[in-house]
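Each of the two complexes below includes chain A, the first together with chain B, the second together with chain C.
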Partner chain A sequence: MGEPVVREFESLEGMPQAAADGLRQLLWALADTKLLLGYHYGEWTFGTPELEAAVASCSLSQAELGHVRLLHALLRKHWGEDPDALVEVRAVADFANITFLDAPIGDWPACVVMNAVVDLTATRVLATLHGSSFRPLRMSVDKMLDEERHHAHHGIGWFRTLGRRGGDGARAICDAAERALAAAALWLGPAGEPGDAALVAAGVKSTGNAEILAGLIGDVTAMADQAGITVLAPAPASFAHWNPNSRRGSAGGPAEDIVFHLRGAANAMFKLGE
Partner chain B sequence: MNALPVYEVFARSKHDEPLKHVGSVNAADDDLAKAYAWTLYDEESWVEMCVIPRAAIVPITSHGRLPVWGN
Partner chain C sequence: MAGPPTDAQIWDALRTVTDPEYPLSIVDLGMVYGARVEDTVVHVTMTFTSIGCPAIDMLLHDVREALTAVPGVTAVAIDVVWDPPWTKECISDRGRRVLAMYGVVC
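Now for the complex of A and B:
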């Protein structure tokens, strides 16, 4: 008996509608998460405990914004989305980022957790798109995954360093990591969510979100063990009011001042080509 | 004074070029050294980059002294 044949898609033509809709939502969610990651890493170009970490934060920010461009280009080409509108016009409540990123990242342990857990969540999703049946996406994913290796080194290194040092820093990364895991669980959505199931069935994604969450919890637990701390797995999230577009369980969105800066609202009059 | 270990960074930009020393980073462990080297010395698209703890370098000449590139 041979391997099951999964059709390859050069475009959305022929892709089941549920998978095409699920993919659009997933690309939105990845792009929004990476946009917020880029913003927060950029903020943390200053205030890091050492100069090397400042350079790294700046570099991570650039990489995330580069990934946003790749994802927005896919949304433009295949769904006709306007990348500017996705950032500048869309209602804040529609932003589908991981909610950990909604508020300012207040201290270095939270920034480390953003790197080690939140960024990793998006990377774990990207990893399920490696070898995707949607060829245009597959060609972008490998570049992103290659860059994300360096993000992981930075996150893991600092997570371990702060954990092993103990004291307030270790307690702070425990608290932040538990918040991050709960936010990641919500963002990934309920097991067997129809859009996600359609993506797996069409070979666009290799595994479903429930498996991704289990793998993520395993990664964080292993990292915590190395760091000598305990991070509790999140309690089952409530998906009673979960919205597959915003990947949130209730109304919300990034803080207004963050969105103001993301949109460049103060400098809108200087935009070219208007 | 920075008490963190020093890692020397080596890289090559083409497969047929030898590895060359491009700098050093201070880092708490190997993972951070890799991240810092990659983000700090990004002036070229390296095909290969590696870090080596300075403590692991065995000098042959100038025994007991820092390598000539040492900071």
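Now for the complex of A and C:
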């Protein structure tokens, strides 16, 4: 029996509606997560233990915001979304970022985990879009993945360093990594979620989110082993009230002061025209 | 009245556009994947070194300005692509020599 023939999509035309809806949700979720990553990395341009880490955080922020721009451009072209409205107007509760990013990243171990685990979660999803049947996305994803390799190197390096050093730093990254994995499990959603299943069936994604979570836990466990620490796999998340649009199990969203700064509302009068 | 622009004129114009961080043209950096002329319109396919490059708008402006200065060009259409992804392997031999003079290893 040969491989199933998966059609290539130049646009949404001909794509099953469930897949098109799932793709919109996925792009939102990736863009929101990257937007918050960009914000927090930007904050950590200061306060790092080493100057090199500060420069790296600045660069990581720039890369994530570039990815947001690219993902928003896809949402604009294929769904008619207004990128400004996605950031400036949308209700906080509609933000579909990984919940680890909702609050300020309080210390350096948490920042390292944001880099090594939360950023990795988004990258693992991106990796399933390599070779996507949705051509406009496929033509962008390899460049994003190439840039994410550098993010991973930075995060893994610091994760190992803090773990091997032991003491409070090691305990702090264990705690943060377990919180990050729980947040990632929630964000990825329940196994067999219809939107995700439709994306896999249409060849937009190569694997489903349950497999991504299993791979992520494997990656983090291996990284923890190398760092000489133990990170426990998350308990099964409750999806009783899970919302596929916000990818959350309950009402919430990024903290108001974070969203205020993201939006630049106080400086809106200085925006440049088209 | 100017005749249609030649490929040589187009590439010469593109070579005048330099990256803001390195003393090197976008051609030697390997950012221009293709350029062709249809009547009086120049179609350029190009990429950038990173998706989050803050100089994207500036470089697009510089490309348009350089090409519209070529006699016979009435319009410029730029298609920004990310596939194939730009890597340092895209830099020309000349580009590598220039960067080496500035102490940049690639």
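Here, the second predicted complex is superposed on the first by the 272 of 274 C-alpha atoms of A that agree within 3 Å, B and C clash if a C-alpha of one lies under 4 Å from a C-alpha of the other, contacts with A are read in each partner's own complex, and residues count from 1 in each chain.
Note that contacts are C-beta pairs under 8 Å (C-beta built on N, C-alpha and C of every residue); 3 or more make two chains touch, one makes a residue touch a chain.
Nothing here was measured: the structure is a model prediction, and the numbers come from that model.
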item	value
Contacts of A:K271 with chain B and chain C, given as first, second, both or neither	neither
First (chain B), second (chain C), both or neither touched by A:K77	neither
Touching partner for A:W158 - first (chain B), second (chain C), both, neither	first
First, second, both or neither for A:E64, with chain B first and chain C second	second
Footprint overlap on chain A, where chain B in one structure and chain C in the other make contact	none
Footprint of chain A on chain B - complex, ascending	4, 25-36, 38-40, 42
Chain A residues touching chain C - in the complex, by the definition given at the top	62-67, 69-70, 138-140, 142-144, 146-147
Residues of chain C that touch chain A when the two form their complex	47, 50-54, 81-87
Residues of chain A defined as touching chain B within the complex	50, 52-53, 55-56, 58-60, 150-151, 153-154, 156-158, 160-161
